[in-house]
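Two complexes are shown next, each including chain A; its partner changes from chain B in the first to chain C in the second.
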Partner chain A sequence: MLRYIMLRGCLAILVAFTVSLAAFLLLNVASDPAQAIAGEDATAEVVETIRARYGLDRPLPVRYLDWLGGVVQGDFGESYYWHKPVASLVADRVDETLTLAFSALAVTILIAIPLGALAALNPNSWIDRFALGVAVSAQAIPNFWLGLLMIIFFAVTIPIFPVSGDSTWRHFVLPAFVLGSSSVPAVMRLTRTGLIEVMGADYIRTARSKGFRGWQLLRRHALRNAILPVISVLAVQLGQKFGGSVITESIFAINGLGRLALESILGADIPTVQMLIFVFAIVFVAMNLLADILNAAIDPRIRIG
Partner chain B sequence: MTDSDITLAAVELDQTTLLTPGQIFRQRMFGHKGFLIGATLILIIAIVALLAPVLAPHSPFEQSLADRMLPPVWSEGGTWDYLLGTDQNGRDYLSRLIYGTRVSITIGLGAATVGLLIGVTLGVIAGYFGGWADHSISFLLTAQLALPGLLLAMALVFIIGPSIWVVIGIVGVLHWTYYLVVTRAATQRIRSLDFVAAAAAAGASPRQIIWHEILPNLMSSIIVIFTFELGIAILAESSLSFLGVGIQPPTPSWGLMIAEGKQAMFYRPWLVILPGICLFLLVIGANLMGDGLRDITSPEGRNE
Partner chain C sequence: MTALLDINHLNITLRSPNGPLRVVRDLTLELNRGEALGIVGESGSGKSMTALALMRLLPRSAEYQATSMAYDGVQLPDLEDAQFYRSIAGPRIGMIFQEPMTSLNPVYTIGRQMTEASVARGLMSAAAAHKKAVTLLDRVGIPDPEDRMSQYPHQMSGGQRQRVMIAMTLMLDPDLLIADEPTTALDVTVQAQILDLLDDLRRERQMGLILISHDLAVVAQRTDRVAVMFAGELVEQGTAQQVLYAPQHDYTRKLLAAVPRLDGTPGRPAPATPRVEDVIVARDVSRIYTARKGLFGPKRDIKALDGVSLSVKRGETLALIGESGSGKSTLARILLGLDHATSGEIDLIGRPIDQIPPTERAAFVQPVFQDPYTSLNPRRRLSEIISRPLMLRGERDSATNLAAVKEMMERVRLPIRLLHAYPSQLSGGQRQRVAIARALVTRPKALICDEPTSALDVSVQAQILDLLDELRDQMNLTTLLITHDMAVVHQTADRVAVMRNGRIVEEGTASAVLSHPTNDYTARLLEAAPRFETV
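Showing the complex of A and B:
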């Protein structure tokens, strides 16, 4: 087990650095950071001065290693736009995104698992069709549009939740619903198929023959086994929530990492964009690693094979 | 087993052998409700896109400052001249929605094709050759999955400069993993089948085997994924355009129209609601069609 975790951990670190290298190359080859700092109207002379001052005249591999050397010490460089260390910018805003990501995950769980369970217990009934309809529709609704509909609805028709800002927990209700709903189809389908499979297993038949019925059967026997793969998918979905925060935060005016990402892109602030891509990738990789370890802990076939 | 049972079985056998694969395919296709709904939606939207100049009552770009923000015809103050009202620049909203089909479909088809070329190439190489090729491509897949796609797409489109071609290229380059995963597994399976071994024994080169034996057998899976990726790419473009780092004004992109309508959404909600409905219908059409094609082409032929 320990060997398996070590192996997966090394792979995760390798992936994180590959991603950072890819992002660094793409961003620095596609753009001229010196020109971005100087502004579009700057003269060639000014651009060259800036290039030399920020060390942007050095070859790309040197600049990447320089960046990497800083990252290892927790230094992600200085923002071109805010003129502050990027790491402190990110630290200032990480709380909002963490709150949003976890509450979105809670929304996903609260909607997807009961719906998937109800659908599995009544295959081909109206509730099963309804759940399928929810999944198919949720996959086709643009997330930003759902957010705007919520704002229109809750700001005008039923003003019970604030639609902009991040000062109280009430501000997070609508954004969490919007961000969380995007994971509902995947988690719901997995709960449904997993539960249908488990309900056909021999030990469930035994439990039925012993007189277990309905909710008791579900809670004490079926759900425990069906929920295992769902947990690992939830970990992956949580990792994706960070990347998904860009749209939700900009719609609901939440001052988190997603909004920072949009602002730094529009400000051509390459160091900040780079760090955010790195951080989101690390979160995703870490969540995947967690999912792998959970799976291995549960299913011995994985850690041996 | 009685005599009548045997004749019945014989008749059933006869019927299935009488049908050509094409007939079975058509039978399944027309018996699949989801597929029919999806295909109809896609067909209608494709016709609208092709006939946009004929169908649109106005030019999608022509501004009429006297007619700004007119409501749709069914609400108070609407006129038959502008069926779905006008936007903040006095442009006919219906005409912009109609031309918007062209933007969405072009980007959807383009990006899904770019992803297809990358994903299928890598998938076939990984599945056919195995070994180191497979290991490195699998690593590439893991790395690609870890990249925050939307964020990177936003940054790259913004830096390179937004245009339809840049959006197609970048959305496509970031959406190939699904093709890879499916074609890799399918290639591994097909590779171990007898007809591939026969072709190899007959002296066919790997290149010939891939082109003549493997790719034709991957076609149905590739078409299914293409249909799903169409919807995914369309949603990606609309998100980029909504955030201001995709299609630029005055091109009528639905995502951009939603962003433009956002300023006035409390007083003129239709500016936001209508383009969203168009996006929803197009994407759900593609998804239903993909689900249907998967059921129809799968060997079990699930028909529900």
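Showing the complex of A and C:
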């Protein structure tokens, strides 16, 4: 087990650095960062000055290794735009994004898993069709549009929640719902098919023959098996919540990492963009790692060779 | 005294797209305490459906009606679900299922699954349940039962899982035990042990037993009364003696005639001219697997094969018998080139197997596997399945391939109209014919059949064995037949090799080995084989 975790951990780190390298190349090769900072109508002279000031005149491998060296020591460079260390910028704003991402995940879990389970236990009933309807709509409605609708209905027409901002928990209700709903279809359908498959398994028949039924049957024999695939997908969804927060945070004016990403992209603030990509990648990889470990802990067939 | 079980006019109907299907018609059965009732019949005859109806385990699409379905005087259909599951399923009626590989929950330990029902019911403390479970595991013949309690199902073999399943059902001390093909997956010696155990329990506790089986020999030996089912109907019922030795119904007679017998002269008559040419020769073949005990434990070597030497001559059928885990299938895999020997040599018609390229090897030796339900690709038509070996050899002329396929289908007596059918549209017997046709289409010199009939009903088994026999004579085929069924060996083998723990412990002509075994183990295997004449 320990070996398994260590192996997966090393793989995760490798993936994170591959992503960072790809991000670095994209940002530095696809466009000229000095030109981007200086602006479109800057003179060649200004561009050269900027290039020299930020060390952008050095060869690419040197700049990447320089950046990498900093990262290992926790130094992600200084923001061109805010003139502060990028790490502290990110640290200032990570709370909002974490709150949003986890509350969105909670929304997903609270809607998708009970709905999927109910649909699975009553296949082809009205509740199954209702769940299918929810899934199709949630899949079809884009995030930004749902966000605007929510603001119109629940902040303007019926002012229960604030329109935007991030100072109280009430500010997070609408954004969490909007961000969480996008993951409902995938998680719900997986819960449904997983549970239907498990309920048809021979060991469930065995448990019935021992006299288990209803909730007891679910709790003792079905849930643990059915939850395995759901865990993997939830991990990916949580990663997407981080990335997906770019749009939701902008709509609801939440001062988190998503907005920081948007601002730094618009401001050609390469060190910040680079760190954010790195952080998002790490979160994605870490979540997958966590899911693998959880699955191994739950399923002895993975744990014990 | 009221009967333990009294079923009157039970009808079970399955809803299907083509209208309702009556899978059980007008079934009437009675069972007293301490009595054993055998239900025999082919798959699809409604045996299992009857048992599932009793346990409220019928599929959603099924419905049943009965004028009476009483357990110990209580009408089961009148009980609420809650009451049924609390008081009947488990502590009154226990059921053992036939799928040992999937009937245990993969994510919980054996111990937890064995003890949970009695602990959840408040019948005993966790410690007492644990103790009882260990005792029962010991009784069903699981070695180191204490250690096994903390293991998971995937760490056990099919036979062990089936024994766990049986022990688990006995945890609740049911008064009626329904055993649906309880020993089909087990070796003869284990089978005898399990059936003895069920016999003992029946006597000790006056437990009623319903033994559902397609194995007439088992039923004949172990039950007081036998009911024969055919196409959903009970065609004959009576004492085991009556039904099996003086059958009244045509179907029962047909079923009995199909059973391979252990009486008479064993083996096939010797050929007029002695067989000389060696087709398969194995010399001192060993196969060693390396495994680890636990996660960090030391490496261990497991000798799956330990210095096995054998030869099969042209036109001969060599039966390889032994318990599961004795190395039979490993040897077959190596002979087919699907695995490699750690040491030793294998020649196919005088050429070392390593030097024969895989495409050519197909013309030497072909397999027929045990399970016709899973060994055929469900998404391919028969024509594609059977012609696949030809395609793989680079023979792409579709007209000749089609002709070859049709010829093979005729030889294995599959109707040509099935040429474009999918495996799911065929019965088990037909699927096994497809597997044989596919194996023979390259005109191999040898066939390796790994339990080719153990998944089939008796009457179908007889047809397949006859077919293999006939093909052998027509095509001068050499056959290595792996089986645990002594009766099959008795009927079809020229020579017999007995394997145990990776070694061949006895080898000789079928008549010599089966009539006068010199090895203790062979004698035990023969002793344990169920047979008619000992009733």
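Here, the second predicted complex is superposed on the first by the 281 of 305 C-alpha atoms of A that agree within 3 Å, B and C clash if a C-alpha of one lies under 4 Å from a C-alpha of the other, contacts with A are read in each partner's own complex, and residues count from 1 in each chain.
Criterion: a contact is a pair of C-beta atoms (placed from the backbone, for glycine too) under 8 Å apart; a residue touches a chain by one contact, two chains touch by 3 or more.
What you see is a predicted model, and the numbers here were worked out from it, not measured in a lab.
Undergrad: Quick one: classify A:Ala281 as touching chain B (first), chain C (second), both or neither.
TA: In the superposition, A:Ala281 contacts chain B only.
Undergrad: Touch test for A:Ala201: chain B only (first), chain C only (second), both, or neither?
TA: second
Undergrad: Please indicate which partner A:Ile298 is in contact with in the superposed arrangement: first for chain B, second for chain C, both, or neither.
TA: Touch partner of A:Ile298: chain C, not chain B.
Undergrad: Between chain B and chain C, which one contacts more residues of chain A in the superposed model?
TA: So, of the two partners, B touches more residues of chain A.
Undergrad: Is A:Ser137 touching the first partner chain B, the second partner chain C, both, or neither of them?
TA: first
Undergrad: On the A-aligned overlay, A:Ala155 touches which partner chain: chain B = first, chain C = second, or both, or neither?
TA: First partner only.
Undergrad: Once the structures are superposed on A, label A:Leu218 by its partner contacts, choosing first (chain B), second (chain C), both or neither.
TA: Neither: A:Leu218 stays clear of chain B and chain C.
Undergrad: Could you tell me if A:Lys210 is touching chain B, chain C, both of them or neither one (first, second, both, neither)?
TA: The second partner, chain C, only.
Undergrad: Hey, which residues of chain A end up touching chain B in the complex?
TA: Chain A residues touching chain B: 11, 14-16, 18-19, 22-23, 26-27, 30-31, 136-137, 139-145, 148-149, 151-152, 155-156, 242-244, 246-247, 250, 261-262, 265-266, 268, 273, 276-277, 280-281, 284-285, 288.
Undergrad: Over in the complex, which chain C residues touch chain A? Could you list them?
TA: Touch list, chain C to chain A: 55-57, 81-82, 85-86, 88-91, 94-95, 97, 99, 102-109, 116-117, 120-121, 152, 154-155, 165, 168-169, 172, 292, 295.
Undergrad: Which stretch or stretches of chain A touch chain C in the complex?
TA: 1, 3, 201-203, 205-213, 216, 220-221, 224-225, 298-301, 304-305
Undergrad: Quick one: which bits of chain B touch chain A in the complex? Just the residue numbers, please.
TA: The contact residues of chain B facing chain A are 139, 142-143, 145-152, 154-156, 158-160, 231, 235, 238-239, 242-245, 255, 258, 262, 265-266, 269, 272-273, 276, 279-280, 283-284, 287-288, 291.
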